[in-house]
Every structure is written in C-alpha cells, then in structure tokens.
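Pasting the structures here.
What follows is chain A paired twice: with chain B in the first complex and chain C in the second.
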Partner chain A sequence: MKTELTVIGAGPAGLCASIEAAKNGVDVTIIDENRKPGGQLFKQIHRFFGEKEHLAGVRGIEIGNMLLEDAQKYGVKVLLNTIVWGLFPDLKLGISNGNSVNILETQNIVIATGAAEKPLSFPGWTLPNIMVAGAAQTMVNVNRVLPGNRVLIVGSGNVGLIVAYQLSQAGAEVIALVEALPKVSGWQVHALKIMRMGIPVLTSHTITEAEGKSYVERVEIAKLDENNRIIEGSETKVNVDLVCIAVGLRPLAELCWMAGLRFEYIPELGGFIPLHDENMETSIKGIYVAGDVAGIEEASSAMEEGKLAGIAASVSQGKTDKKKAERDILETKERLRSLRLGTYGDYRYNAKEKIIRKFHEL
Partner chain B sequence: MSKNCNLQGMMKAVVSLEELKKSPGYPSEERFKRGPVPVIECVEDIPCNPCELACDRNLISVGKPITNLPRLVDPDALCGGCNKCIIVCPGLVIFIVDKTYSDTEASITLPYEFKPLPKIGDKIMGLNRTGEIVCKGTVHKVQTHKSFNHTNIVTIIVPKEFADDVRFFKAR
Partner chain C sequence: MRVYDHPILGKLPDRKEITILVDGKKIKAYEDETIATAILASGIKTLRYTSEKHEPRGIFCAIGQCTDCVMEVNGQPNVRTCITPVEENMVIATQQGLGTWRKVSSKKK
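Entry: the complex of A and B
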C-alpha cells in the first residue's frame, strides 16, 4: 500500500491537515482506530468560542460534519477501525484493521493522535461508574446513554464544567463539582452557567473515598486547607451513582516516541511534547504533528495546527506554489495567534514558542 | 435534595455583582431606565467576538485585540430585543434585562438549553448567579426556532429589585 501523505487520527487536527493537503492535490490517507471519524468533535455539542474565521458560535458537532463533508469532497481516503501499531524510520507504517496487517509506505506523515485524560486514584477509584469525564460525555452525547443520575464531577477545568452542564441537559442531577485548588480553573462563563442552575462548585475540596457494592454508590468529599491537607471533620458523605474525573489531559504521543522524535518536557502543555518547527515539522523530516499531541490546547487551535501541517506537507510534495503556500501559512498563523491571546492563551503561546525555539537548538 | 442545599451553602461566587457592574458590558442605572438592554456578564479576556457581529444596531463592541471585554457602545442607543446576542454567545452570559417592564417588575430574557421548555404563565422561582432562590416570578415568553440552533429564549418576569440578581429559574 502506498500513499503520499498519511494522517494518523481523524480528529479536528487530522481532518484539517488532510483537507488542506488534499485541496492542493496531495494523495491523502487518514487513519483512525475508531469506527467513526471526527475525534472528540461529535461529543462537543456546545458552541465554540473565537472569531467568525474560527467558526465561533458554531457547535462542535456541526464543525465535525463540515469537516467530514470537505474530506469527502477533496477525496481524502479514510481508513476506520484501523490502528497504526508501528512507525518505522523510513516512513513505513504498520497498520491493522483486525482482519489483516499491512505496511503502508508514505512520503509524509501527520501525527494527530490527540490526548488522553489523566486518571486520579483514591480508595475505591476502580469501582464501576467512576470514569473520566470525556467517557461520560461520549456516552451521553454520542451514544445517548446516560451513565448515571446523581453525579459528582472532580476537576473544574473547562472539561469538568462543560460535562457538568451537558449531563444536566441530559437529565442527570449533578450533586457537586469539587476542585482541589482555591479557585475555579476553567473559564468563568462555563462555571457561571452551571452555578446559576444550582450546581454547587466547591473549590478547595476533593474526593477522598468512593464506596459501593458492585458500582459506586457513595463518595466522601472533604475540604482542603491552604497546604492541600484534608481538614479533619470536614468530610461529607454524598450518595452518587456516577463520578466523572476531569483532572487534565496528556498528549497521546506513543507513536512519536516510537518514531524517535525529539521531545521536551513542557508542563503547561500537558507533559512531554514532540519538538516541531513553526510549520509543525518534527525532528524527523517528513513527520509533522498537530493538535493535542503537540501540546494540550483545544479543538479550534488543533484545527489551525492541522491546516499548517497540511500546507507544509503539500509544499514538501511540491503540490502547491510557494507564493500561495506562504499566504495560506501566514493567514493560518494569524488565526492561531488570535486563539492564543489573553490569560488562558498567553501561556500557551509562550510554551509553543519555546517548543519552536528548542527545535531550532537541536 | 437537602444535602444538595448544604453543599450549595459551601460555594463561593466566581464573580461578584460589584465586579460585574464595573465591567464594560454591564449597563448603567441610567441606561436601564431607557428600556431593554443587553447585560453582558463576560469578564475574562477570552479571544471571542460573535456578540459584536450579532447586533444589528451595533450596540456591542469588542474590537481589537479580540481579548477586549465586550462593551456596550452608545449608552443612548436602544436595543431592539432581537435576542441574537443571547443566542450566539458561546458562554451563555448575555441577558436582556428590561427594568421598565412595569412599575414594580422587570423582565429578564435568558438562554435556555433544556427540555422540556417552560410554558407561558408557568410559575417559577428566580435563581441568582449561585443558584439560590431569591424571588418568585412567572414565564412571560418562550421563543424557539430552527435558526436558534437549540439555544431557546425564555423571558421571565420578576420583582424589579431582583433584576440584577436573577439569572436562571426553576419551576415552582
């Protein structure tokens, strides 16, 4: 099997990379281990932030449909239920769809494998119905199964706040959201919309224990002092049948490690991040990264990074004229820059600049 | 439920009314006297501006940089009550408040993304920004349309003195 560009992961970054390259006439194959493309977009039933150019005000699920339409329109080949199990030095990929194992030869690769949610351990954490918030969000928004009726959410980042809102929309009662830090860590607007509904958002609180016979039936929450120690006597037992853990994400970079890419530890972007240049090309020529695997951000930035990688791969394939590519890259970078502004954006911009700086020091 | 109320008592507000009133999206008392007006409770520098494009009367400005807080432009310009700003705000923090609804009552128009929708005339309890019950009220208007894209618009009537506090409601 041969293809000019292989994109691994059909989420917002991977789809945008594929579309951008296919538009320029590159032969593109996109691979995803799931049975449907779209990554996390189809569970994001909320409206996106940003400018018109970033599709602000449009719901994630609609953006997902738009990207799938474009991918089809420009002739992107989509391999679903397919895992990439190996990435070899001469840009050969080992892939398997469960029935057969193949080697895919390619000239460029965009790794857009996204992120995984971090776990949190406490006594009882392995009980059924204690899950990461993204899993509950997939169940309720994609598969239309309400995983519980009385919910405790752990973590007040945007994921925790949004999942609290969406579980309420589906009819669950969110008993409380606990946050170990003294202040809400996600955006105030997301906190405001659940607080005014009467969902208690408890800062300086944590989960200390979960109990239940065959699944979680009860949790204990407690207040923390300024040194993050549990304040004795502050423990409260609450009956719940679902606990959602939303304590952050880390890049899903296993394939990047396997390929031998160079990394740097960038805690503000979620851990070890593959180094890349300003157009997302990594320390191995022909391999690009985009989206959360290149640093935890959000779907809008992932889409723009995907476009950058797609344009860069088109240039490397000689499929686009230099002037047009330069203009496209400039416009994409401007849109990306405006997403990385403000209190929640500046630190990401600085961390991304650091990645590029470290790349050029290699 | 009583448990829930205990937990609620332990909660701290993320932003105070005083803070909101100082922000450029919160109308002055003089402006409130002129009729319905968007109340924009967006006080963080998030790069976002759909509200600016939504208003046909150019009442809302974000400008450059895009992290500016949304600002009510002309203190004298009148709001047409089209509710477009309420619908497009991804943060669901724009409300249209009319403190001139009657001598004693104010109307609060807010985004509502839950099913079932309330019905006109429903008796409700007004909830403040931390979900506490602060007053009684009634549902005055319920608007929904395909173009709203699942963000419905509900107008409730509450006693005027709670117009700066009530931002959600539940059935009585």
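Entry: the complex of A and C
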C-alpha cells in the first residue's frame, strides 16, 4: 500500500490536515483506530468561542460533520477501525484492522493522535462510577446514557465546567465542583453558566476519599490551606453516585516516541511534547504533529495546527505553489495567534514559542 | 438511565432493538451502540474484577485508552466494551482478573 501523505488520527487536527493537503492535490490517507471519525468533536455539543473565522457559535458536533463532508469532497481516503502499530525510520507504517496486517509506504506523516485525560488518585478512586469527565461526557452526549444522578466534579478547568453544565442539561444534579486552586481555572463564560444554575464551585477544596460497596456512594471533600494541605476538621461527607475527574490531559504521543522524535518537558502543555518548527514539522523530516499531541490546547487551535501541517506537507510534496502556500500559512498563523491571546492564551503562546525555539536549538 | 429527550440533541433516534446476554441475563440494547452503553443503561456499573484484590472496576475513560472496561465477549477476554459495538445475541461476561478464553456454545442464531 502506498500514499503520499498519511494522517494518523481523524480528530479535528487530523481532519483539517487531510483536507488542506487534499485540496492541494496531495494523495491523502487518514487512519483512525475508532469505528467513526471525528475524534472527540462529537461529544462537544456546546458552541465554540473565538472569532467567526474560528467557527465561533457553531457546536463541536456540527464542526465534526462539516469536516467529514469536506474530507469526502476532496477525496481523502479514510481507514477506520485501523491502528498504527509501528512507525519505522523510512516512513513505513505498520497498520492493522484486526483482520489483516499491512505496511503502508508514505512520504509524509502527520501525527494527530490527540490526548487522554489524566487520572487523580485518592483512597477509593478506582470504584466504578468514578471516571474522567470526558468519559461521562461521551456517555451522555454520544451514547445518550446518564451515568449518575448526583455528581461531584473534581477540577474547574473548561472540561470540568462544560461537563458539569452538560450533565445538568441531561437531567443530573451536580452537587458541586471542587477546585484545589484558590480560583476557578476555566473560562469565565463557562464558569458563569454553572454559577447561574446555582452549582457551587468550591475553590481551595479537594476530594480526599470515596467509598461505596460496588460503586461510589459517598465522597469526602475538604478545604485546603495556602500550602495545599488539608485543613483538619473541614472534612465533609457528601452522597453522590458519580464522580468526574477533570484535572487535565496528556498527549497520546506513543507513536512520536516510537518514531524517535525529540521531546521537551513542557508541563503547561500537558507533559512531554514532541519538538516541532513553526510549520509543525518535527525533528524527523517529513513527520509533522498537530493538535493535542503537540501540546494540550483545544479543538479550535488543533484545527489551525492541522491546517498548517497540511499546507507544509503539500509544499513538501511540491503540490502547491510557494506564494500560495506562504499566504495560506500566514493567514493560518494569524488565526492561531488570535486563539492564543489573553489570560488563557498567553501561557499557551509562550509555551508553543518555547517548543519552536528548542526545536531550532537541536 | 437513557436520555430519551435532550434539550440540544433532541429525541433519541429510532434504532433497532436487540438482545445481548450479560452473565446469562438478557439485556436490551440498540444496534450500533457500544457494549458499555447498553450495560450501563441496564443499571450495571461493574464490568470486571481485578486479579489480586477482586475489586470492582467500571467505565473510566470511555474512549478505548484505559482498558478498565474490559469484559469477556463471545468467549474472548479483554475486549474494550466502551468502543466495541453490540451484536444480536452477543454473550458477555463480567471478567475476573485477566479473564479466560472460552468456547461459547449458547450463542444462538
């Protein structure tokens, strides 16, 4: 099997990379281990933010459908239920769909494998119905089953806030969010929605324990002092039947490690991040990264990074003229810059700049 | 509990109803949904027990990454139920430890 560009992961970043390259006439194959494309877009039923060019006001689920339509329109080949189990030095990929094993020969690769949520351990954390917040979100928005009726959310970042809202939307009672920091850590627009519903966000609080016979029935929460130590006597028991952990994400970078890409520890973007240049090309020529695997952000930035990688791969394939590519890259970078502004943008912008700087120091 | 009516997503679309067997008990499922979905909708939260301490485990990541939701499906252990779709008369068992390969004879056509 042969293809010019292989994109691994059919989430927002991977789909945008595929579409951008296919538009330029590159022969693109996109691979995803799931049975449906879209990554985590289809559980995002809220409206996106930003400017009009970032599809602000459109729900994630609709963005997903738009991307799938475009991918089809431009002739992207989609391999679902297919895992990439090997990435070899000469850009050969080992793939399998469970029935057969193949080697895919390719000239460019975009790794857009996304992220997974981080767990949080405390006594009792392994009990059933203690799950990461995205899991509850998938169950309710994609699978349409509410996993619990009385919910405690741990973490007040955007994921915690959005999932609290969406569980309430589907009929659950969210008892509270606990946040170890002294202030809410997600966007105000999400936090205000929660507060308007009367859901308390308990800052400087944490979960200390969960109990239950066959699944979680009770949790203990407690107040923290300035040094993040539990204030004795502040412990309270609360009856719940669902705990959602929303304490951040980590890149799913196994293939990047396997390929031998150079990494740097960037804690503000989720951990070890593969170094890349301003157009998403990594320390191995022909391999690009895009989206959460290149540093945890959000779907809008992931889409722009995907476009950048798709354009860069088109240039490498000689499929687009230099002038057009330069213009496209400039426009994409401007949109990306405006997504990385302000309180929740500056630290991401600085961290991404650090990745690029470290790349050029290699 | 299934969310039949949702303020944003609307009514649950009509799907073909099928039956799966979980630990010998018949459970209602809908075509194309995942095993974990059908089982959770029936009220079951424990999908497996750990090897050494026999502790219950359930859905944790729901995107096929953490493997906490593995069960024995049609005699095959360690199947990730959060990403595997149901099939008519599928035989599913709560997994004990690392699970066992079994010949499934009760699989009716």
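Assume the second predicted complex is superposed on the first by the 362 of 362 C-alpha atoms of A that agree within 3 Å, B and C clash if a C-alpha of one lies under 4 Å from a C-alpha of the other, contacts with A are read in each partner's own complex, and residues count from 1 in each chain.
The working rule: a contact is a pair of C-beta atoms (placed from the backbone, for glycine too) under 8 Å apart; a residue touches a chain by one contact, two chains touch by 3 or more.
Everything numeric here is computed off the predicted structure, so don't read it as measured data.
Engineer: Have a look at chain B and chain C on chain A after the superposition and call it: clash or fit.
Structural biologist: fit
Engineer: Which chain makes contact with more of the residues of chain A, chain B or else chain C?
Structural biologist: For chain A, the partner with the higher number of touched residues is B.
Engineer: Using the superposition on chain A described above, determine whether A:Ile199 touches chain B (first), chain C (second), both, or neither.
Structural biologist: Touch status of A:Ile199: first partner only.
Engineer: Once the shared chain is lined up, is A:Gly134 touching chain B (first), chain C (second), both, or neither of them?
Structural biologist: second
Engineer: Could you tell me the angle at the CA centre of chain A between the CA centres of chain B and chain C, given to the nearest 10 degrees?
Structural biologist: Rounded to the nearest ten degrees, it is 100.
Engineer: Identify the partner contact of A:Tyr215: answer first if only chain B is touched, second if only chain C is, both if each is, neither if none is.
Structural biologist: second
Engineer: In the overlaid three-chain picture, which partner chain does A:Gln169 touch, first (chain B) or second (chain C), both, or neither?
Structural biologist: The answer is both, since A:Gln169 touches chain B and chain C.
Engineer: Rounded to the nearest Å, state the minimum C-alpha distance from chain B to chain C in the superposed three-chain model.
Structural biologist: The answer is 5 Å, the least C-alpha separation in the overlay.
Engineer: Starting from the residues of chain A touching chain B, keep only those that also touch chain C in the other complex, and list them.
Structural biologist: 59, 169
Engineer: Touching chain A in the complex: which residues of chain B?
Structural biologist: So the residues of chain B in touch with chain A come to 3-4, 6-8, 10-15, 41-50, 53, 65-67, 88, 90-93, 113-114, 127-132, 149-151, 167-168, 170.
Engineer: What part of chain A is in contact with chain C in the complex they form?
Structural biologist: 33-35, 40, 45, 59, 116-117, 119, 126-132, 134-136, 138-141, 143-147, 149, 169-171, 214-215, 252
Engineer: Give the list of chain C residues in touch with chain A in this complex.
Structural biologist: Listed in rising order, the residues of chain C that touch chain A are 1-4, 6-9, 12, 33-34, 36-37, 40-41, 45-47, 55-66, 82-83, 85.
Engineer: Hey, which residues of chain A end up touching chain B in the complex?
Structural biologist: 46-52, 56-57, 59, 168-169, 173, 175-176, 183-184, 187-193, 195-203, 205, 223, 236, 238-239, 338-345
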